[in-house]
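In the two assemblies presented below, subunit A is common to both, partnered first by subunit B and then by subunit C.
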Partner chain A sequence: MSSRVVLASFADEHDVLDAVRTLRTRGYTVRDVFSPHAIHGMDEAMGLRPTRLTWVCFVCGAIGLFGMLWFQNWANAVDWPINVGGKPWNSLPAEAPVAFEMLVLLAAFGSVIACLAVNRLYPGKADATPPRATDDRYVVAIDVTPASPREHLTQTLESCRVVDVEDRLVAAEDKR
Partner chain B sequence: MSSAATPMPAAAHLPPPPIPPLIGGDKTLAGVTRDICQPLEARPTRLWWIGLALAASALLLGVVSVVYQIAMGIGVWGLNKTVGWGFDITNFVFWVGIGHAGTLISAVLFLFRQRWRTSVNRAAEAMTLFAVMCAGIFPLIHMGRPWLAYWFAPYPNLRGPLWINFKSPLVWDFFAISTYFLVSALFWYFGLIPDLATIRDRRWPGLRTRICSVLSLGWTGSARAWHRYETVYLLLAGLATPLVFSVHTIVSMDFATSVIPGWHTTIFPPYFVAGAIFSGLAMVLTLMLIARKTMRLEHYITSRHVDAMCKLMLSMGCIVGLAYGTEFFMAFYSGNPYEQFVFLNRAGGPFRGAYWTMVICNVVIPQVLWLQRVRANFAAVFVISIFVNIGMWFERFVIIVTSLHRDYLPSSWASYTPTIIEITTLIGSFGLFFTCFLLFCRFIPVIAMAEVKGVLEPASDRHPSAKSGEAA
Partner chain C sequence: MKPTSFTPSPTAMRNLDALLVVSGAVLAVGLFVAPNRTGDSLSIGAFAMLSVFLGGLVFVAFEYITGARWSVPFRRVYEALASNLWIGGAAMVAVVVLRRDVYAWTPADGAAAGTFWFKALWLNPTWLVVRAAAYVTVMSLLAAAIIWTSRTQDRTADFSLTRRNRRLSAVTLLVFAPTFSLAACEWFMSLEPMWFSTVWGAYHFAGLATSTLAVVVLIALHLRRTGHWRSTFTDDHLHDLGKLLLGFSCFWMYLWFCQYMLIWYSNIPEETGYFVHRTQGAWGPMFIANVALNWVVPFLVLLPRPSKRSAATMARVAGVVLVGRWLDLYLMVYPSSSSAPTWGAWETAAVVFFAAASLWLIFSALAKASLTPVGDPALYSNRGNTHVTHDEHTEGNRVWT
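Moving on to the complex of A and B:
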């Protein structure tokens, strides 16, 4: 199974934001937008939901913090108690620095790995970047059916100062 | 006070001076890609080869001396039983400190929405990584038996298992420095992914495209990916900010939790963090001014960047100066004769040369940065940054050696002179740092293209006459 998309290229950040808003209000399905940098306000224009990656970060951080607090207690107070200058076995202030470092370590790696996984980014992935989208073009991918009238779409895109329009067949599994 | 009621002077009505743009030269998006990628695709300049030859020679000298001291044992250093820490820990603290400005620029300024950071953050983060690598070498050598360094990690071993002592600041330090290195590397790589994709899509024949293709993980610049990417970048910045403060706080606790006069003070954590950022900013300025000239980045690293970094450096320098004064005052106010002696001995004892070098380089010289004219003069800024680098190295030397060389018992008083091995190891660490930095300049875009493109004013804003009815 494959489907058709129209790739519309824009040269300006404002134009692409404008185009996405116009296309969506006119009932087109914007599959994705490819851009060389993050565009402020694009999530809103495309109607993207806020990401839940912040929760991944929170959970990983909590595992790091509490896991390390537990481990330090167990290692230095239960499994092999060490008397250091008569301090208590399980001294919480002394355990704070290492527990904090583990919080940061796990939260950082957890959120990056989750982000790469959700975006399906991995080494060796065949790249399917539209031309110049990592250089100087903003490309909007619009879902089209063979039946849909093309003139209306072309007109809409031209009113948004499109630079280039291209038809493409894409594999269905690309659709997210 | 009547000043609040007086009318504003006439000068206040003058229009403010125009703010120069962040990125000069009226750049387009494609222009940014071209400018940053071209130095990577062209053959290296002669200046680069000379720099690499010098840095690699220094590195080689360092490697030889490290191999020698590991083979002979650390008795080849000038330490004695009174002065147990010398060049090794001085260099360690110095290099960790250098790294801090990278994280400040990449994370703290990101949280404060300082858009000027985009031109310098990539190089500053690279500097962090290399500086932490240099720092890590010194405690490793100091162990005497570096092949047993893995004993630091809490793993189930055959000695009991005998766990490490989590109440020891040295263990905290191990965790802090390793986390700092790993998280900085992750932050740096994560920020690199879109730029690696840009290099990949330039399809330059050769190995570089293939390597970038693997490392860019199939990045397409999709808005969904950017949306998540931005969130995670913000999370990383939020995590790296307390991390960077924790790292030098913990380094300072290596000293502050001991009972050595001059070390055992509560001012140490903030004092060390301010000093670290101060020295790091000086190193960023040194490196960026060199990179700007040699790599033709004049449009990307403009007077606005240098001015902002100078102001930050000046404010950090003032905090450091205040800390020097506070230490003296607290020694006087504590009524503790040992504490008082240590500070008088710092300023007037056998190491007074080091102390006054530190004060002049860190507190006196940076004061000229109050003058806008000086901040705009890059040659002057470069010289000041070198002075601050020197001054901050001496600060660590003064803290460590002057506190140790006069023990509680006058019969244990001693002195310390570094041996040639210690000096060549320090030179070697600079060699490692600059070798890594030069290789970085050669193979990785020195400026974060995707971020600079984000702060570039869109063409429609710069030339509004070209379009009609465009809302900004």
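Moving on to the complex of A and C:
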């Protein structure tokens, strides 16, 4: 099963922002926008929900921090107490650097893995990115059905200074 | 874009004048009644003020060096801080002159107490004052040059002035790093001359950065609320300042911990003395509060995105950070001269005096130039993200695209 999208390319960051706003107010479904860089205001224009990745990052970091504090405490004070310079077994200052490193490590891994998983990205996946969207074009992917009137869409896009329009079939499971 | 001007509210300025007169009078009395405590408070206040003004210059320099465009619309706040650098510097030099005999290394038998030859050579009252004056003069001249160039650009819109300020910024940062580290060591670390910490300069830089950002946030929000900057200072700018504040707050914590942990771990008596004194008795809770105000609160509050975009939250956090800045300096200075924390008229007067003086100076400086650097080509640049709204883009004459 596959579905149809129209890939509309724009040459200017403001044009694409206007186009996304216009398309959505006219009832089109903007599936995604490809851009060489982040565009301020695009999240709101596309109607994206605030990202939940920050929570993944926070929880993973907390697990790293408290997990490592617990482990060091268990290792140094419970399982195999070692006298280091006469310090108490469970000295927080000595445990902080390792706990901090583990916080950073798990927060980073957790964020990256969660991002890849949610976006269904994996090594070897066929690259669906329009080539110039990594260079000098801003590309909007619009969902269309065979029944939808194309003249209206073309008119709308042209009023937004579109530079190129392309039809493409994409795998349905890519749809979010 | 058109130049926008700022006139401080006459009522506010009158109130500040009154505060300055009252607190100044209390401090004048204090110099005779309680010279040590008043001197300690003056050095905290003058240094806090100086480092905020110096921070303004440093952030302007960062902006030019990195070619940042997002902060150009509100650069005049940084410049307003930096343009008062010579006054803050003069105040600090005056305090150093006043306190040159307070330092424990002053007695002639300092060498006999086991001081190294370099300390004996470096730390003497005359040389201390000469160096303080030199640091302040050099940085003030650089600040004057950068601000003059930036204000000239308002009229000429000449890109070569941006290039000149880039070169000046590079020199500024290169001069800033050693002079500021040395100044921090001489004015504060040498209060306990047998103790030393090699991250002292960097630690002070972290304090400078957080307090500068806090002041910039408060001034920018004030300008937006009074209607001068309705479309110039957006939530995106506030968000980015919030990220910087969050980052520099973590940087402060990182350096605080670097200093503390190495001394705690190696456990060498001549190093631990500094912290032993500061963690015992009534100093202990303040020692913890310092970490809470400078890092725990800003970190936990500023972590979520919405709080960095909320004017009310950012203003409160900025206030907390400024209180933390004061406490941080208090814990460096007071334990070296008193056995227990003290707070009274002299301390209050110094806080009021320098807060009022800073505000008075910043408001006066803001009134001297357009609130937006209207001639800076970076304002009209069309590439990438500048936070400049779409309308401003199309209205502007595209000098440099």
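Note that the second predicted complex is superposed on the first by the 175 of 176 C-alpha atoms of A that agree within 3 Å, B and C clash if a C-alpha of one lies under 4 Å from a C-alpha of the other, contacts with A are read in each partner's own complex, and residues count from 1 in each chain.
Simple rule for what comes next: contacts are C-beta pairs under 8 Å (C-beta built on N, C-alpha and C of every residue); 3 or more make two chains touch, one makes a residue touch a chain.
Note that this is a predicted model, so its numbers are computed, not measured.
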Exercise. Does subunit B (first) or subunit C (second) touch A:Thr54, or do both, or does neither?
Worked result: both
Problem set entry | Touch count on subunit A, higher of subunit B and subunit C | B
Exercise. Can A:His37 be said to touch subunit B (first), subunit C (second), both, or neither?
Worked result: both
Exercise. Looking at the overlay, what does A:His14 touch: subunit B (first), subunit C (second), both, or neither?
Worked result: both
Problem set entry | Contacts of A:Ala94 with subunit B and subunit C, given as first, second, both or neither | both
For this session: Would you check which partner chain A:Asn119 touches, where first means subunit B only, second means subunit C only, and both and neither mean what they say?
Result: first
For this session: For A:Ser111, select first, second, both or neither according to whether it touches subunit B, subunit C, the two together, or no partner.
Result: first
Exercise. Following superposition on chain A, which residues of subunit A contact subunit B and also contact subunit C?
Worked result: 14, 37-40, 54, 87, 94, 97
Seminar exercise, completed: In the complex, the residues of subunit B that touch subunit A are 28-30, 33, 154, 160-168, 171-172, 175-176, 179, 182-183, 186-187, 190, 193-194, 197-198, 200-202, 213-232, 235-236, 239-240, 242-243, 246, 250, 253, 449-451, 453-454, 458-461, 467, 470-472
Seminar exercise, completed: Interface with subunit A, subunit C side, in the complex: residues 236, 257, 260-261, 264-265, 267, 303-305, 384-385, 387, 390, 393
Problem set entry | Contact footprint of subunit B on subunit A as seen in their complex | 11-15, 32-40, 42-43, 46, 48, 51, 53-54, 57, 61, 71-72, 75-76, 79-80, 82, 84, 87, 91, 94-95, 97-98, 100-102, 104-105, 107-109, 111-112, 114-116, 118-130, 132-136, 161, 176
Seminar exercise, completed: Contacts from subunit A onto subunit C in the complex sit at residues 14, 17, 37-40, 50, 54, 58, 85-87, 93-94, 96-97
